[in-house]
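The structures considered in this document are given below.
Look for chain A in each of the two complexes below; its partner is chain B in the first and chain C in the second.
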Partner chain A sequence: MLFFSFFKTLTNQTVTIELKNDIRIRGTLKSVDQYLNIKLDDIEVLDLVKYPHLSSVKNMFIRGSVVRYVMLPRSEVDVGLLEDATRREAANQAGKAR
Partner chain B sequence: MERLSLNESPANAQPRSPRPQNQFAQNALGPAGPQPTGGPPQLPPQMFTTAAQLLDLTDKKLVLILRDGRKLIGVLRSWDQFANLVFQETVERIYAGQLYADVPRGIFIVRGENVLLLGEVDLDREDDIPPTLTKAPFEEVFELKKQEENKRKKGDKKRYDELQALGFEPEHSGEILF
Partner chain C sequence: MAFFGFDTTLPRDRDGSGPRGFFETPDPFAQVAQASALDDDAIDFEDTYDGLGDQLDDDQDEFNDDTFGGPGPESSGRDFDFFGKTAQVSDAIGEEQVRYSLQNPNAPRVAQPVAQPVQPAPQAKRSGYEKYSEPGYIPDLQAKSSVWGVSQKKTEPIPASRKMLSLEEVEAQMRHSSNAGAPAGDAFLRSMVEPQFHPQSQHLQAIPDGYPPVHPEFLQAQLRQGHLPQMAHPPPGMPELYGGPGIMPPGGPMHMLQNINAPPQNLPPAGPRHAGPPQVQRPPQHQQLPPNRVSSNGMPVITDPQQLANLTPEQRNAYLMEDAKRAKRNHKIFLLSRGNGLMTPQDKNFITRIQLQQLVAAAGSIADSDPEAVLAEDFYYQVCSQIRGAPRQHPHQPLGHFAQTYLLQTGNRLGGHRRGNFQSADNHMQRMQQQVQRAVEAAKAKPKNKQLIIEGSLGKIAFSNAKAPKPMLNIKRPDSADGPKPKKLQSNLSLSDRKSILTNVENVYSALMAMEDMERTMPPPPEEGDAEAIQEHMEWRQKLHTLNQKLWRSLKVMEPIVPNSTTPHPFIAFLSYPKGKKAIPRIFRHIDQEQRVTILTMIVVHLDSLDVVRLAQPVPGEAQPSLGMREAIDLFSLAVMPCLLGYVNEAPFNIIIGLLGLVINQTHVQTVARTKVGLGILTMLLSRAEIVKEAGQASEHDWQQWVEKFNVLFDTLEPGLNDTFPGTISSGDDMYVWQFLAAVGIGASPEQQQRLVIAVKDRVMETVGYSKTLPADMGSQRLSNVNLFMRAIGLDVELLG
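So, the complex of A and B:
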């Protein structure tokens, strides 16, 4: 749930998503759901020559299971807060497992 | 749309339905302290569901890309929470080299796990096909595609063998392609 909440705080930011088949798409993050499916607006494909079929696409829905990386704007991420949150989440999980 | 804050107590985001929304109630990034007055307004949690994302795309002309590299163009008519989809008036577009061809296919029911992405076709730009691409008869494109596939499979096999000799397990052996 942590990363779901985290991505929700990034809505309306410009992100670059790399898929597992190496295609990279930049766009405005519009929405995310519990599976980390992502909706992007005003997309731009970084290597359009290789992927001509996306030339007329303006916004898209990407299934969470095919995402490799999400590149985020550095200025919009509070790294300290995120580190704390991940540690707290890990401690909670460890507590539950015991 | 307004930005969300890390604190998640939904101040102005009352769920419309009475059903429990447990997965949203808990604040995963920290204890939900009292929302500072005048903090950023928040979007209702029901905005962040698969259903809300797919609802916008229903009855629109979409490009559907499948895990095996197929590109289908059609109208999204129905779906569920796993992104299982129903497509109507589907056309499969195959690309090879600088050529492409359209094959009418009809109605598709697609199991969600095979979906890579759904792109909404901008109807104003739909006919702006890049000048490097030419439409060709299906047989010609299909033949060219088969040759390309065979070449790629050979290259993949070679890379796979080399990686395996070094102790790496390749992420996918060229199975996912656009």
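So, the complex of A and C:
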């Protein structure tokens, strides 16, 4: 749930999402769910020349499984807290596995 | 030539009701366009024809129509729509047959010469979609038998594509049409007496007796032409059978396929035949039923009411049962459909939102029981939203409260501008919430099987939910008995290799987090006499102390110092990682003064082996240390130094003296003094001593000790004072050096101050000169840095002119 928890804090931020088919989309992250499906608003496709069919798309819902990368605004990430959250998650996982 | 199902007929030939090709999907809207373009018949064949058709071999087209279903222009004049009519009047089919024959005069047939490929009556041009061009037109959904294009197929006027009729065939057709007008009773009688079994051709049997007698010559001619008298579509009776007007029965297309595939025998026999003894009828009927006429449920596909009469009682019963069921269902749908359109989309959205919020609230109520679990699952979000000033007041406020406030807002919205019946809506929401809660509880009560194996299924079915997604990989962990053991041996071997250092760091962090968690659960301060609360508090303190000890051990500050060791002390190694540096402020919050001084002492003792000192010397030829090192230094200055400073500012004087002694005795002062961190620590100690002296807290004895140490330090530093400045004058940040010089200058004797001025005079002059070439604010910044030092020794840059 760490990623879900993490992405929830990024709602209404501008992110760039790279899909597994190399399309990169920049837009406002509207919401995310536990499958890391992503809703983007006001999107803008980088390299639009290659994907003209997306030129009229204004918002989209992206299935989480097709996402390769999410590029985040650095200032919006609390690194120390994220480190701690990661430690907790790891501890939880270890606890569950036992 | 209907290859691939393209409709090759010209627009004028196309009237929409001809049988379609096998692969052709009906396009109802094509007709709309066609209807609007009726006046000017827009497409000119010659313009669009690419001549490819000329290359086709016409000799081999004979069976195309059988294979694909031939395009057939509708003949309006040949009305052989027996099936449509019979289906409509299934009650009294015998009489109706007579009436039908009488009803349909042969006038159109007379009017239309048989062999001429002239277009049929003008209404054939009607597409049936004309009405759609009128706005607001609602079609009456009646199943029209003509839609199925059934009977026309049989004796259509030969269109342009079928011009090559021999005289014989034309004669056959003429005779046929003249016979069609014969009194129906005659045909009826004849069919009764001698059912037409023609030995010559299997197909001839196919012609049901309801048809007027057809001459064998004609049939044969048709056969030769490849025009089997086939049925391409289900008879018109079907839609009525299925109850809903215009509603295709489920699997309707399937029926059509079956009918296309079926040989012509499938023509439902017309009425008079059944008036006769069933024994006569049955054998051919059964023999003619191909297997694919039987639908999936084992029931024969009933396309005509008459077929019902031919079924065995069991089949009929089954069929009727099924029909009743279907009718019941349709009725139910109809009843339900009365509510259609009662709710606007907004209403539906509203209800959906309520439901979702209930679910959130339900999830929250689970969490209510265990806020720790929420924090464990959703730590980052919870804390981050707290930090960013999200609606909740403290991070440990359970999610349920959050959801409930949200819910209240919705209630207000509802009461505000909707229907005003806040009360009932509220009740509704409460009821729904209870329902969901019950469901959630039931789900919780269920045994928590993680997977289910159903007999016959291929593999396991894993349950998953939001909290525990279905595991994609199932990795078996090695038993703890044989797993970590070899690792432990290794880590014991080398205490300071990278991996064990990182493990140490992580241990420190987990201890830290445990302590922070403990702090959260601190019981309220006990009141006087409340033994239980005092007891609780004591236990808590005890636990906290245990954790503190754990943290202290994992810091490894107390590891013995090995002189001249090649590997750094574990604590110094710990500090060499960024996350080790970052941990220091958090650690300092949880340890007592004694532990803090121990850490400070440890750092001072190892000052020249700290990475930020040892590696901070720029490589010869470089003005600055590497970027990574600069970052490390900045981090150390930001994270560690304030902690140390915070302690030093309160430290007793003797400790300061001791620390200075350690710097002088244990470290290479010249090296230390050339680094920002080293100078920073020295500045810290010197300034603290000065403050103590100013405050008059220092005893004479202590002060003597201090001056001794200071003199040693000064003497050691003096030759290298110029080297303490980083790089050239233009390379920027040298403020910390001026700060250090100021601290030295304050504590120095007048004689020492003199030496100090001489040592750094050049740098002072340079900086003053350089600052004049800089923009005003940067220049004054540099000057004020210098002034920091100058004022410490009672001078001012202003005096330098």
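The criterion applied here is as follows: the second predicted complex is superposed on the first by the 98 of 98 C-alpha atoms of A that agree within 3 Å, B and C clash if a C-alpha of one lies under 4 Å from a C-alpha of the other, contacts with A are read in each partner's own complex, and residues count from 1 in each chain.
The definition used in the following text is that contacts are C-beta pairs under 8 Å (C-beta built on N, C-alpha and C of every residue); 3 or more make two chains touch, one makes a residue touch a chain.
As the structure is a prediction and not an experimental result, all values here were calculated from the model.
K.L.:
Looking only at contacts as defined up top, I'd like to know whether chain B or chain C touches more of chain A.
P.N.:
B
K.L.:
Figure out whether A:54 sits in contact with chain B (first) or chain C (second), or with both, or with neither.
P.N.:
A:54: touches chain B, not chain C.
K.L.:
For A:34, select first, second, both or neither according to whether it touches chain B, chain C, the two together, or no partner.
P.N.:
both
K.L.:
Taking the superposition on A as described, I'd like to know which of chain B and chain C A:11 touches: first, second, both or neither.
P.N.:
In the superposition, A:11 contacts chain B only.
K.L.:
Would you sort A:81 into first (chain B), second (chain C), both or neither based on which partner it touches?
P.N.:
Both: A:81 reaches chain B and chain C.
K.L.:
With both complexes superposed on chain A, which partner does A:2 reach: first (chain B), second (chain C), both or neither?
P.N.:
Touch partners of A:2: chain B and chain C.
K.L.:
Where on chain A do chain B and chain C both make contact?
P.N.:
1-2, 4-6, 8-9, 34-35, 78, 81, 84-85, 88-89
K.L.:
Contact residues on chain C for chain A in the complex?
P.N.:
Spelled out, the residues of chain C in touch with chain A are 376-385, 387-388, 466-467, 469, 477, 506, 509-510, 513, 579, 582.
K.L.:
Flag every residue of chain A that touches chain C in the complex, lowest number first.
P.N.:
These residues of chain A touch chain C: 1-2, 4-6, 8-9, 34-35, 78, 80-85, 87-89, 91-92, 97.
K.L.:
Help me check something: in the complex, which residues belonging to chain A touch chain B?
P.N.:
Interface residues on the chain A side: 1-2, 4-6, 8-9, 11-12, 19-21, 23, 30-35, 37, 39, 43, 48-63, 65-66, 78, 81, 84-85, 88-89.
K.L.:
Going by the contact rule set out above, which residues of chain B touch chain A in the complex?
P.N.:
1, 3-6, 8, 23, 26-30, 43, 47-50, 52-54, 56-57, 63, 65, 67, 71, 83, 93, 95, 100, 112-113, 115-122, 125-126, 128-130, 132-133, 171-172, 176-178
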